[in-house]
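In order of appearance the chains are A, B, C, D and E, and numbering begins at 1 in each one.
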Amino acid sequence: MNVLNFVNAFFSDSAHWQGYDGIPARLGEHVQYTLEALALAAAIGLPIGLVTGHYGRGGNALSLVATAGRALPSFGLLVLMTTLLGFGMLPVMIPLVVLAVPPILVTTYEAMRSVDPSPVDAARGMGMHESRILFQVELPVALPLILSGLRSAAIQIVSTATIAAYVSLGGLGRYIVDGLYQRNYEKVVGGATLVAVLALVTLALFWAVARVAVSPGVRRS
Amino acid sequence: MSEFLHDFFDMPSDLQHSWIGLVGLHLREALLPVAAGLLLALPIAQLCIRFRWLYPPVLGVTTVLYAVPSLAFFVVLINYTGQTELTVMIPLAVYSLVVLVPAIVDGVRSVPQETLSAATAMGFGPVRRYFQVQLPIAVPAIIAGLRVATVSSISLVSVGMLIGNQGALGNLLHDAQIYNRPELTWNSVITTALLAILVDALLVLVRVLLTPWMPSGSAGRRQAPALKDAAR
Amino acid sequence: MIRIDSVTKRYPDGTVAVDRLSLEIPDRSITVLVGPSGCGKTTTLRMINRMVEPSEGTILLDGEDIQRQPVTTLRRSMGYVIQNAGLFQHRTIVDNIATVPRMLGWGKQKARARAAELMERVGLDAALAKRYPYQLSGGQQQRVGVARALAADPPVLLMDEPFSAVDPVVRKGLQDELLRIQDELGKTIVFVTHDIDEAIKLGTMVAVMRTGGHLAQYAPPAELLSSPADAFVEDFLGGDRGIRRLSFFPSARLELTSDPVIPLDATAEQIAAPDAPYLLVTDADGRPLGWSEPRDLVAGDIRPDRLLSHGRPFVPGTDSLRVALDCAVLSPTGWAVAVDTGGRVTGVVSQATIGEAIRSAHAAGLDDEKVAG
Amino acid sequence: SSGGTSEDPLKGGGAESGTVVVGSNNFAESILLADIYGEALKAKGIKVTYKPNIGSRETTYGLMKNGAITLLPEYNGSLLAYLDAKAKPKTVEETTTAINGKLDPKLELLKPSAAQNKDSVTLNAETAKKYKLTSDSSIGELKDVAKDLVFGGSPEFQTRHQGLVGLKSVYGLEFKSFKSLDAGGPLTQAALKKNTVQAADLFTTDPTIAREKFVVLKDPENLFGFQNVQPLVRKGELSKEGAAALDAVSAKLDTKALLQLDAQVQLEKKDPLDVAKAWLKSAGLV
Amino acid sequence: MIRIDSVTKRYPDGTVAVDRLSLEIPDRSITVLVGPSGCGKTTTLRMINRMVEPSEGTILLDGEDIQRQPVTTLRRSMGYVIQNAGLFQHRTIVDNIATVPRMLGWGKQKARARAAELMERVGLDAALAKRYPYQLSGGQQQRVGVARALAADPPVLLMDEPFSAVDPVVRKGLQDELLRIQDELGKTIVFVTHDIDEAIKLGTMVAVMRTGGHLAQYAPPAELLSSPADAFVEDFLGGDRGIRRLSFFPSARLELTSDPVIPLDATAEQIAAPDAPYLLVTDADGRPLGWSEPRDLVAGDIRPDRLLSHGRPFVPGTDSLRVALDCAVLSPTGWAVAVDTGGRVTGVVSQATIGEAIRSAHAAGLDDEKVAG
């Protein structure tokens, strides 16, 4: 399998392990982009999703926003933002956030909507305040789904952050874009492998978070 | 203004297509893979339904493939399929699986047990039951999946530009840069987004036409699985 | 006739759902399988149309082993009705009903005509034909389920808790409907329920099953009520066994008396004549107005608003002894008022007389019960 | 790292016989030159299809070899550097000879034109000022300050001899870091302008150099070689007439003309095909 | 006392769910709201804890308008129990129960101790404390729901069809449990159900509502059965009104006779002495064996297996007249057998005597019924 050979060659070349273009540096950049974009997207998507989901209003509007968000081509947006804003993190963050907000927003809304209404009713009947109902009754039950939304957003960001390389930023996409122009498959495949591994690590991290954060009473059902 | 419009729709000669031509090309490069993905997803999903243990690994594999950046896919594929549309379409078809397989599996599985029992008891064989009962009832879920797959496919085609003018409307992005014509970037982004929204709306229409049996009031609620797929 | 012969069903996980069950299901009558949750009723029913295959034993349909037939042929010869109807949500009502005929190769026209006919039979308005299931109420859906099962006129009907998801009022309507349809069509019906009242109301024969898939008792409902085979069955039957059993005893042969019945304009003699503690006053049409002690009545000045309630009247012949007894118990005088279908008094009967009637009805069936308990 | 070039599996899009497939790299000048070649051939009644905007030389050379394209505008020095990193020709003729020695047997070069467009080490005005460098300074003078500079260029520049590799071995330059941009395109221009990079590889024909007062350093060691525009074709797939037409183009094309044409495309936003046609007409070639 | 005063609820879509309803809900008793689906029961209940605000009218709690109180304070003073319990699936049972105490600021220890106490009170094993709701059966979950509502010892308990999702056997257990808890704690309970039998069993007062949010009748259950206000209520009550009403009449004062009771080893004289058509034979401990006509009995050779079934015996004092009547009806002789709690015969009573007892129980309540109908 030549792909495996490429992978092997890429990772065994010690030159690939140091310097500004080394794996640690590129991986660090990639993780940084991912975390920043995810944090931004979550900061936008989670509150809106939680509140609209709690009150059950605005589902149609959300669905429209989500469709529009997904319809905007990340790559085009990246180029556009670079044209408008020049170089820097912002033009890269915007497409990544636009990409990540719809899944977070929509899943959070749906997660909140799918919470069994009877405990909420019971909580209200007990005299719980709305905010308390949201955070102490609905959120713990909606958490697994909300995490799954964050997870898909994270995976998409990990995969898509590679386009940052096209506008001269770093990250693992560097290997793929450079490899393309240098006709160096080893780099392309190595870069893609790193991205896939990072995606797997992301999956594992979310799994671990779910194990810790989700109540056993919810996990079961 | 009209000059701007003229510039806006004036395609550089190296693209070898008019704006409409690019739109057509873009749709072809985006939709054919989804169609192929659907054809592929149906049997895969059926296998996953038949053999429950198969579903988690299939989901795992599709998710990992999905995580591979499209550009990397393109570059590796050039080895085999050359610098052609096919190179762009194969990864897109693969990506669509990550949405379509779960959509079909969940859709078919969501058919109520009573309905299945009733069908079996009426003497439906497994094949007839699949095509006449399970699949039609799964249509809303499948179309929901198709919507997500199609929209993201339309968005992803643009990346094909990086392997040499294979990105349809995405090619405008590169030409915008080398010819210093930023309006082409706008054109690319807006046209792509509009295409995606249009196709999405068309699919909603198809769903409405195909499923007169769905309570319209709860259409929003039935969208739930669809929206969840959006998350993938 | 369906004959279940020493059938056992063991599921792959080891659960024994049905244990050496033998049952003869008579033709053209309703046989009810009843028992607590998980006792194997559904499993038994599904073995009849081979949706579950027995681990041991055989099931014979008209003397022939059902294993001999192709499974789809067998199933198409049996209607199947389940809870929530199990309708095809993507097909209109008429197409739902026409499903089996269409599968059997009937033309579209013919199948639809048949469907329309069946909709009428089960009491569905023809206007519903083009609707989809979600547009129907639960009771209507259940009716569609029955119509669909009847579509190809199968000799056998299997019904698995068909009415358990609808509310009590609608359920009663559906039960009456089923009895009427059965009267008209004479199918062989196997009916599963966990509601003993439903079993007693519908069953010609009732098989009470016990957890573990054992048959606890197999008898007509009246016998079940009077002679439960063991404590489990007795417990399962619940209270009021005696009174409920009276449903099976007709009130036609009750000895009525019209001595204490007097009109509103009764003369003093008419009031004095009867040797009865209470008199029933009727209006000009003979409808009951109320009871009174004779001494409270003044000829020519009987005030209807000062009479005692006559309670609920019963219709001899139509109502059972149960209703007659209830009327007597409800009446402040202990006498039940009998009326004709027009509501005119045909006589009155004391609780003691009803008691007599009960005892003789009992005596007629005494042979079954020659076991001290 | 040789995995990529050891096998060259490029294929696809093979030319229909009798049709000339004109390819180009993914920068404006290459597209323009391809259009000029193609239109010149068309004028001679030769069937032409274009495959513009393909990518880097690493890709286009492969496509030439496997026949997916028949004709490509090339720069002789760069091509030689790609084929033989160590060659150090002194004249255009030497360059051609050296290339012919290394060129794939299925390919040949036609006559070179006078037009030159080299890669370069170009500083932005700010950096030039800071280190007191002018267009008379040589690349070698960066030796001590390179460690403070970020260099920008196309991704492939990083691994080419006529790139970072050569800058290190020939001039002993080691930059602080390298930023992958594009082949002398708008990214590079913008990055240089905004001082995201202090030095960059720009094409000497780039009209922005003058506009932005960038400083192109001299290349006394001739690292970037001779960069005459020269058509590369597949042997035997272009008729005599066609070859003659291209030779005629090369005879007329000089650096000044090329600079002017580039300006039309990149600054005046004219379509390269129109520019090509107009030039051919004005040069009397059609 | 809760006083609902001419309250109307009009939903934004125009539905009038409750229409000028007035109701006085007595303290320390169970008041049941019953009626067909959609008649406004839930709306009424939820107006009491202000989860729905009335469009018109006022609701007074101990004389004070509930609008005057902060809504959360009001709600925390009322327990609320709903169908499927509405437990918090992410919290353990003990934490579910401790929710309101914790909200009220109790310490963790104290709240848990209270929860443990309540688990015992509602009949839950302490071992369940650390489980999650999904690990409990429906009936257990419902018990947790009740415990949770009781946690802060609120004077009022609002229950909306709390038992309707569990199966009939479990439901009966929960109802008995509720009656017991109510006996011990004496809460003011408002209980919504659509099951009239449940209403009659649990209610001290029963409010029958009619579609449109009208009150059809508000009365104690016995009165409801004997004197339904109109045809709607009568229909809603269903059959056997008279017999069901007997549940409220004790059998303690029935006149028993032990004349026809003889031991297994009875002498010829003992057999000949009683002037009764049937004799009841008992074993050495005095437990009933079966009935026989005197002429079928041979002194010294009474064969238990040849006796007639004695049917079901009743326990005077514990069982109601309803049970006594059922026993008589079930008995082949028309005589009911009375036993003590140990199962020893204390006497027998004829159906006629039971009829007399019914009539006199009736007479005691006759004043209510002085309307001919």
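We take it that a residue touches a chain if its C-beta (ideal position, glycine included) is under 8 Å from a C-beta of that chain, and two chains touch if they have at least 3 such contacts.
This one's a predicted model, so the numbers in the text were calculated from it and none came from an experiment.
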Any chain that touches subunit D and subunit B: A
Joint neighbours of subunit E and subunit A, given as chain labels: none
More contacts between chains, A-B or B-C: A-B
Relative to subunit A, chain with the most remote C-alpha centre: C
Length of the line joining the C-alpha centres of subunit D and subunit E, rounded to whole Å: 96
Centre-to-centre distance between subunit C and subunit B (centres being mean Cα positions), rounded to whole Å: 56
Separation of subunit A from subunit B, taking each centre as the mean of its C-alpha atoms, in whole Å: 20
CA centroid of subunit A to CA centroid of subunit C, Å: 61
Touching two or more other chains - residues of subunit B: 79, 163, 177
Touching two or more other chains - residues of subunit A: 177, 179-180, 185
Numbers and ranges of subunit D residues touching at least 2 other chains: 55, 59, 187
Chains that touch, pairwise: A-B, A-D, A-E, B-C, B-D, C-E
Residue ranges of subunit D touching subunit A (in the complex, touch as defined): 1, 3-5, 7, 55-56, 58-59, 62, 152, 154-156, 158-159, 177-181, 187, 190-191, 194, 196
Residue ranges of subunit E touching subunit A (in the complex, touch as defined): 49, 51, 71-76, 78, 80, 82-92, 99-100, 103, 132-135, 145, 148, 158
Contact footprint of subunit C on subunit E as seen in their complex: 36-37, 167-169, 194-195, 226-227, 239-243, 245-246, 289-290, 304-312, 322-323, 325-334, 350-352, 355-356, 358-359, 362-363, 366, 369-373
Partner subunit E, residues of subunit A touching it in the complex: 116, 118-129, 132, 137, 140-141, 214-218, 220-221
Residues on subunit A engaged by subunit D in the complex (per definition of touch): 2, 5-6, 9, 13, 20-21, 82, 86-87, 165, 167-168, 174, 177-187
